[in-house]
Structures are given as structure tokens and as C-alpha cells.
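Shared chain: chain A. Partners: chain B in the first complex, chain C in the second.
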Partner chain A sequence: MLENITVLTAETFQSYTANRFCLVLVFRRQCPHCRVLMAVVDKCRPLCPDLAVAGVDADDSPGILASTGVTRVPTVLIYRDGGVSASRSGVMNASELLALIASSSA
Partner chain B sequence: MTRNVVVVMLDTLQFNYLGCYGNSWIRTPHIDRFSKQGVLFENAYTEGLPTIPCRRAMFTGRYTLPFKGWSELDTDDTTIADLCWGRPIETALIHDSGPMRLPKFGYARGFDNVHFIHGHETDHQYYAQDKLFGLRAEDYFEDHVMQSADALLGERVVRPLLNQVECHLKERQYWKSDDDQHVSKVMKAASRYLEGVDRNKSFFLWVDSFDPHEPWDPPSVYDPATPCPYDPDYTGKDMFLPIQGHVKDLYTEPELHHIRMLYAEKVTMVDKWFGWFMDRLRALGLEENTLVLLVSDHGCPMGNGEHGHGIMRKCRPWPYEELAHIPVIMRGPGLPTGTRVRGFVQSCDVAPTVVDWLGIGVHPSMQGKTLLPLAKGDVETLRDFAIAGYFRYSWSIITEEWSFIHWLRDEEKTVGDARFGIYGRDLGRSTAHLLQTSKVNEVEDRDTAFYTRAYEEYKKGATLDGDDQWTCTAASSGEVPPRDELYDRRTDPFQLRNVAADNPVIARELLDKLSLFMAEVRASGSGETF
Partner chain C sequence: MSHMGSGERDLIVVGGGIAGMTATIYAARAALDVVMLEKEVCGGLANSSWNIENFPSYRSVPGLELMQRIRSHVESYQVAIEEVTEVTHIRVESRRTLIETPSGQYAAKAVIVATGASPIRLPIESDCGERVHYCSLCDGPAYKGRDVIVVGGGNTGFDESVSLVNLGVRSVVIVECMSMCRAEQSIQKQAFSTGRITARTESRLNAVIPHADRVLVTIEHLRSGLIDEVVADGVFVFIGQKPNTSMLEDNVGLDKAGYVIADALMHTNRPGVFAAGDVVAKRYRQLTTAMADGTIAALEAARCLRGR
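Moving on, here comes the complex of A and B:
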């Protein structure tokens, strides 16, 4: 599942989120909850064609966690216009994730 | 020919108190014979404990552990009775299970016929305003228990429990034999239903007997001519509704033994009435087209060691073997007889089995599996492991070789807080109306205290249900939490010697497997078929 998403680094994170409507999934590779949430994200992607999807490996990019204030994984951050417009930690089902994405435009 | 289903739920029927599950000294001849007529599942586990989550799983065919505890049935829940709607299948629920009809819980939803028998635990206030003649609640507690319980348990428990026992005595004072017991009334009502059922249509009958759940008041407690068959020489008081809590310093070992013997006597009595009901089914000519499932929701902690890990009754969210392992036995035309199956079975398999037998087909929302292929021997197993636990508190995974318990909290507070967390916390919304109207002559007991506390927390919007159980910290080490427990099922089936420290790799593998499974169930939604 990881191969399907762009994994952001300290170098690419800022520019990627600056002007995109995008979902950033903060994860750890060995976390079972993260693996399940990645599958849920994959399930929802066809329903949100305008939404870009990327990931942040918490172990590789502690600086991004510090700058975004994320302390737990998995965490989903929805960016619009360069800022976080919605976020949630923990496993979600597809309906909950779609609702979170929808709430970001409210 | 029409096809029917009868599910007989016997609440709190501990598997190892039955002869067919290996007990050598408690008489259960009728259930033992029933097992020889059908298929016995040796490794059946309730996933979400206790009473109410188990009913939700059995009615809906869905795991509950990641979603819901002691709370009302939701519109999202699709039950067996809901699936029978619009089909030539009549449905009936005959029960005395107080928890199922807690305010707004709605577990009778969708049944065409509902018959409820009042008075068992959780519905004991039905008798609260009656007069009591000649009996005293204090006669059913040893003096040292009444004198020390409040201080030992750190909360006011004695008076509310005496009030509850008085409610039971107000009903029981007129009983003369086992014929007056709740299980007798439930089985007779079920028999009456079958006598009048339309043979041209199928039926689905759920018989839910709260016996042998406590109070453990079999005939020896009130009939001087009937000594307890398993402890006839005991001279102490019959503590038939023992105070919940840690047993250390609260009860002596002989007292704990006698409490278990009262329970065993009640199991034998329930077995008799189950046998009576099966005889009625046979006499009515319904055996040849009726699937009968005998199930329970859980066992019960009743003392030290394998009897209950040091607690009395379900006052801690501990999913140990004596609680989570349940009897499941199935008998039906065309199914094998005298067969024992080792494959893991879960409470959420009941609904798929019922709707499969009735020809409805397994609904896509159901996560459990139909047991029919397993019973017939078409498959050897349905899953590699079972799970069990308490919503918000504990997850457990049971494999052929191991059992592993993952605690969702670093520690538990008092017994009172734990009990409220299990039984009371989610009652705020469904019982708010009780607190909004005054009740004349209200009798205080454990339940009324729960409602008050739940209502107060509901008003404040307080909740314990954070997202922590579905996340880990970015800095976590990947080590198995020190509180988690691992047991070797082959040498230690009742989980008395924690070997997690000696087997860290196995513990880690089981925790990962458990976490992944729970996350997958959580991500599958609550009733959605997305």
C-alpha cells in the first residue's frame, strides 16, 4: 500500500502541502493500525478524485511531527490552501474518513 | 417442509460446570444428552463481554468489541428478527433478561411476539414496593462480610445490595420448589408458544433464561427439606447474591466454596428445565425440522485462582477463561450427532448460523460465520483464533497454543469505577428520562446509583472513549506493554501463570495479530457494508 502514495520528507513536505487539497497520513511502518488506515484511504481515493494523498513516516521525519503537532499515529491531516482544515487520529472506517474529508470544506 | 430455529440462551452458564465439557461432579444429564444428539463446539468464546455486548453480537452477527459496550441496540444494527421481516417466518422472544429491556435498549426490536417475565436481577425493582414477610436480607450475608465490605471495597456497597436482596426476597418468599423459579417460567412460556405456533410457517424462537445468573438461590436456599446436593453439610449463611469485589479478606475459602456450590446447584436445576423444554419440543413433533442452538453469554468469576482470579462476579473487565469461554451446542436434522468440534467459534457466529438455516442467507453486514459447514465437517475451522474482551478496557486473543491479554489502560481504578465503566457509563442517554421524573418511594440499589452517575456525566459530556486505543505514540518502542499477559493454553488453560516475560517474541506476534484484527474490524464500520 505504501507504494501507492507519495512519502513526504522534510524537504518536500512544505511545498507539497502549500497549494494542494491533500490528505497527509502520518504513519509508522510497523503499526497495524496504520496499515489498516492505509487500506481505508485506498478505498476512499476513487471517491475523491480531486484529493491528493501523501504520507509521512513518523520514524523518518520527526521534524514534521514536531512542526505539525502530531504525537500519535496514525493521524490524518487534510490540507486546504496551505493550512490544516481537518485532522483526526486513530483508525477510521471509510464513512468516517469521507466525513472528515467533507468537513474540511466546511 | 418448513425450517425452524430455537436458540436457548442460558445466561452465565460456565462451560466447565457441564458434564459434556468435562465436569465430573455436577449433574447436567439433559444438556449432556443434548450434546450427544448434536455437535458440541469445544472452543467457543464470547468476543464482547458481558451480557449486552454478547446479545448484540449474537443478534447481529457482528463483532462489538471495537465499537460498543453496555448500550442500546442501534438503528445501524441489523438483527436476525429484522432479517425475518417480510418473510414467512414468525419470530418470538421469551425471556426474563432484565438487561435486554433496560430503558430504550430495544433488544426485543423486530420480534413478532415478546413475552417478558419480571423480577430477575436488573429488573428486581419490579418487586420493590411489595411487602416482605418474615425474611431478612441480613440473613443472607455473613456478619463479617457486612461489617467489612464497605471499608474493604472503599465504597458504600452493603446497604444498596441489601436493598436489592430484599427485592428478590419479596418475589421469592412465595416460592416452594424449583417449579417457581424463573427458568421454569421461561421454559413453560416457550413451550406454550410452540404449542400454538403455525406449522405452515417457519419460526425463529429465542428463549433467553437469565438463570443460572445470580442470584444463586436454588431450592436449598429456601426449602428446608432440600439440602444443597454439592455442599449438604455447610452450616454458614447462603450468600446467594454475594457482594462484588476482590475476595481477599472479604470471604473465607469455605464461604467461596459454598457460593460456587449454590451456583452448581442452580446449574443442575437449569439443566432439568432445559431437558423439560427439549422433551416438549420432541412431544410436539418439532424435532424433525428444527435447529436448536444452546448457548451462553459468559461464565462467572467466583473466587481465587481458576475460579475467578481473585474476584467475585463481573466487577473487573477481566476476560479470563472462566468468563469468556462459553458452551455452544447445536442439534438439528441432518447434522452429525455425538460430534465434538475444536475449531474456534465466536458469539457473532450465532446470527449467521440462524439465518443460514432459515434460508435467508448470511447478510453482508455479518462478520461472524455460519456454523453449519463446521458442524457438518465440510470445513475443519472457520478462523485461526478467537478474541474476547471488554469494550474500552481489554482485548484478548486465543489461539490453539496461547492466550494473550492486552490491557487498553495502564491501570484500573477502584472496583466501583470499573463496574461503572462496564455497566453504567453508556447509560446516560438511554436512562436520562428516569432522572427527569421523580419516582415515589424509590429504593436505592446499585443500578439506581449507576443511572444517577451516568446522567451527571452525560450532562457534562464526559467520556472515556478517546482515540488512544486506535493509535500509538510516535515514539513508542514496539515493546509489549508490561501489563499485558501471555499464557500457555496447553499447560495453563485457566491463565494462572503469566509467561509474557519469558516469551517476548510470541507476545509481540500475538499483540500485532490482535491489533491488526481489531483495527480491521474497527475500519469495517458499525453496520455499514461499504
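Moving on, here comes the complex of A and C:
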């Protein structure tokens, strides 16, 4: 699961999210709900071929949490045109995640 | 609805907790054509355990690590594991069982229901949903240096309280409605020895109200009726579980609490339908008892299929 996504750092976060339509999953390695959401993201990826997927390890990158205002994991941030267009904390099922992604273009 | 996979399977295991994974290992070793369906990821409730200290061969092991090891064991048999696959309905027919999921239908000669149980939510309305949590590993780090309330004085409540203290939480008050906490003495001793965990028994949490950037928690002492207000930063809830049996509807016999009634060989009241783990009506729900259930259910399923 984790091996399937690019893990962003303070050095790469800004440039990655600046010009991409992308999903950023904020997670902790020992968080069970994060593993569930990673599996859900994996399942949804083929349905969203234009969506890039990356992760942020909350323990390794507290600065990113501070700058994005994320306090809980897992949290999903959807970026469009350099800004957060949709976000949600907590576990979601596949249909809820797809709805969140769809809402980001509304 | 489309059929998933290659026609009718010998066995479908519904649920990828330790009972389901053990059943799948035994089914694979019995050369059954088996698939395991899990609505989230394999491991079940044990994934959320900070430390497991009653699993023979491990003096202490994080729940997530133990479950990943068992999952790897299942994978070694090249068994189909379908995660993020929620079973919405199990329909029992005379010689097969149909398993429905949002993405299609599976058919099998036999099924093992190992769907486990889910945490019970806090039974009060609150405008502080963002500060009410059900997983210390997920949400605990945000409370480093802060004060929290833990609702529930069972093994999970105490285990998670220790986890919160280890994550840097300043103080934990455990609220338990019974006259004494139900957690094992060894876990209670470990928790209280931290000096940062206290417990209030015969008490019930009645409200969680916004209070500046914190929460005001109302705690009622059940014997005296006295109400106490405590300011804290967050609330973590561990007040037990309820069985995941909604997909069974009226197809399999359940007890009054909704748990599956199974005999000593894990047969339900429907031929070809077995049950294992926390979803079964029984007194003790432990990893070891779930493994025993899964073992028996798979061996019985194999025996019944061979005798067809």
C-alpha cells in the first residue's frame, strides 16, 4: 500500500501540489485507519486516472501539518490549481472517497 | 449483478480478522478453492491494539504488526484476498450461498461468517465531533501535553489509555459506569503506575460541550446523582462492540444481541454456513478463541464439502 504512493516531504510538498490535480493522504505509519484509507485509495485509483496520489507522513513532516491545518489522521486533501479544493478527515469507503474527489471539481 | 471470479467457489470466508485469516489458512491447506472478503483491510479490531500481551509466543507485540504477519502467512498460500470489499448480503440457498458486494456477486458451496464486531459509538449528541475519537493511534498524537477523557474501563479502555500516555498525553481520566473497572488487573496496574491515569467508576459521561478551544465534559455519578464538570481537550471512546451481522438479515440464527448462534463445531442453523470469531454468540472473545473458531470452521467446512 504505502509503497504505491509518493511520500512528500517539506522539500517536495509545495512543488508537487502546485500544478497537479492530486490527492494527498496524511497518515501515520502505525495508524490502522490510515491503512484502511490507503487500501480504499488504491481501489479508487483506476477509476480516477487523471488524479495523482501522494502521501504525507504526519510524524516526519509536522511542518506540512501546520501549514495545511491538518490535526487528525487519516486526512485526505484534494488539490486543484495549487489550492485545496476538497478535504476530509477519517475513514471513508470507496464511494465516499469518489464523491469527495468529484466534489473537488464542483 | 455480475458473478465475480471463476464461478462457484468451494468456500468464501467473509471477514479478514484473525478468525477469518486462520480459517483461510486451514482452508487453503485443505486444498479448497477459497476467497477471503474483507470490508476494510485484514486484521480487524486487533489492528487498533497498541500492544498485545496475551498472544502465545509473543510477550508483547503491536496489534498491527501481528496482523500483518498473519496476513503474510495467508498470502503465502496464494489465496485470493479481496480487501475493501464489503459484503452487503448473504443469501443462503439449498446447495450454495450467494454473497453480494457492491461490485458483484460471489457464489460458494460453503461460507464462513467471520465479520467480527465494530466499536459502539458514544450514545450522545455533541457539537464536538472533531474531539471525540475511537482510535488512540490515529488521533492520540494531537493530544500530546494535553488532557483527555477515556470512556470505558474495560481492557481496551485501559490499553488505549496507556497508549495515549505513551504518546505524550498529560492526563487521562477513565470514566466507567460499573462499580469497578472490568479490565484485567495486570493492565490496570500498568496504567495506574504511570501516575497519569485515574479512573472514575459508577460514572457516566452525559455531555461534551465546546469550551473555548477545549471541551467541557459532564460526568454524572450514578449512585449519588451528583454532576461534575471537567474541562479536557478530547474524548476517546471504548465502550464495547456490536456484532457485524446486518448482511445476514434473517438468513442465519442470531441471539438477542445480534450475535450468530453456532454450535461447538461452528455450524450455524443453516447447512454450509459456519461462523467464527467475535461475531459468534459466546462468553470469551480473544484472539486465541477466534483462531480456534476459525480453525474448527474451516476443518468442518472441508469435511462437509468432501462428504457431499
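Here is the rule we use: the second predicted complex is superposed on the first by the 106 of 106 C-alpha atoms of A that agree within 3 Å, B and C clash if a C-alpha of one lies under 4 Å from a C-alpha of the other, contacts with A are read in each partner's own complex, and residues count from 1 in each chain.
One rule holds in what follows: a contact is a pair of C-beta atoms (placed from the backbone, for glycine too) under 8 Å apart; a residue touches a chain by one contact, two chains touch by 3 or more.
Note that this is a predicted model, so its numbers are computed, not measured.
Chemist: Chain B versus chain C on the shared chain A, clash or fit?
Modeler: clash
Chemist: Between chain B (first) and chain C (second), which, if any, makes contact with A:R28: first, second, both or neither?
Modeler: It touches chain B and chain C both.
Chemist: Between chain B and chain C, pick out the one touching the greater number of residues of chain A.
Modeler: The larger set of chain A residues in touch belongs to B.
Chemist: For A:T75, select first, second, both or neither according to whether it touches chain B, chain C, the two together, or no partner.
Modeler: first
Chemist: Looking at A:M92, would you say it contacts chain B, chain C, both, or neither? Reply first, second, both or neither.
Modeler: In the superposition, A:M92 touches chain B alone.
Chemist: For the combined three-chain arrangement, which segment of chain B clashes with chain C: 186-194, 204-212, 384-392 or 438-446?
Modeler: The stretch that clashes with chain C is 384-392.
Chemist: Just to be sure I follow: which residues of chain A are touched by chain B in one complex and then by chain C in the other one?
Modeler: 28, 30-33, 35-36, 39-40, 43, 58-59, 71-74, 89, 91, 93-95
Chemist: Enumerate the contact residues on chain C facing chain A in the complex.
Modeler: Chain C reaches chain A through residues 40-41, 43, 47-48, 62-64, 83-84, 86, 102, 130, 135, 137-139, 141-142.
Chemist: Can you list the residues on chain A that touch chain B in the complex?
Modeler: It is residues 26, 28, 30-33, 35-37, 39-40, 43, 58-59, 62, 65, 70-75, 88-96 of chain A that touch chain B.
Chemist: How about chain B: which of its residues touch chain A in the complex?
Modeler: Touch residues, chain B against chain A: 467-474, 478, 512, 515-516, 519-520, 522-526, 528, 530.
Chemist: Could you pull out which chain A residues touch chain C in their complex?
Modeler: Result: residues 28, 30-36, 39-40, 42-43, 58-59, 71-74, 89, 91, 93-95 of chain A touch chain C.
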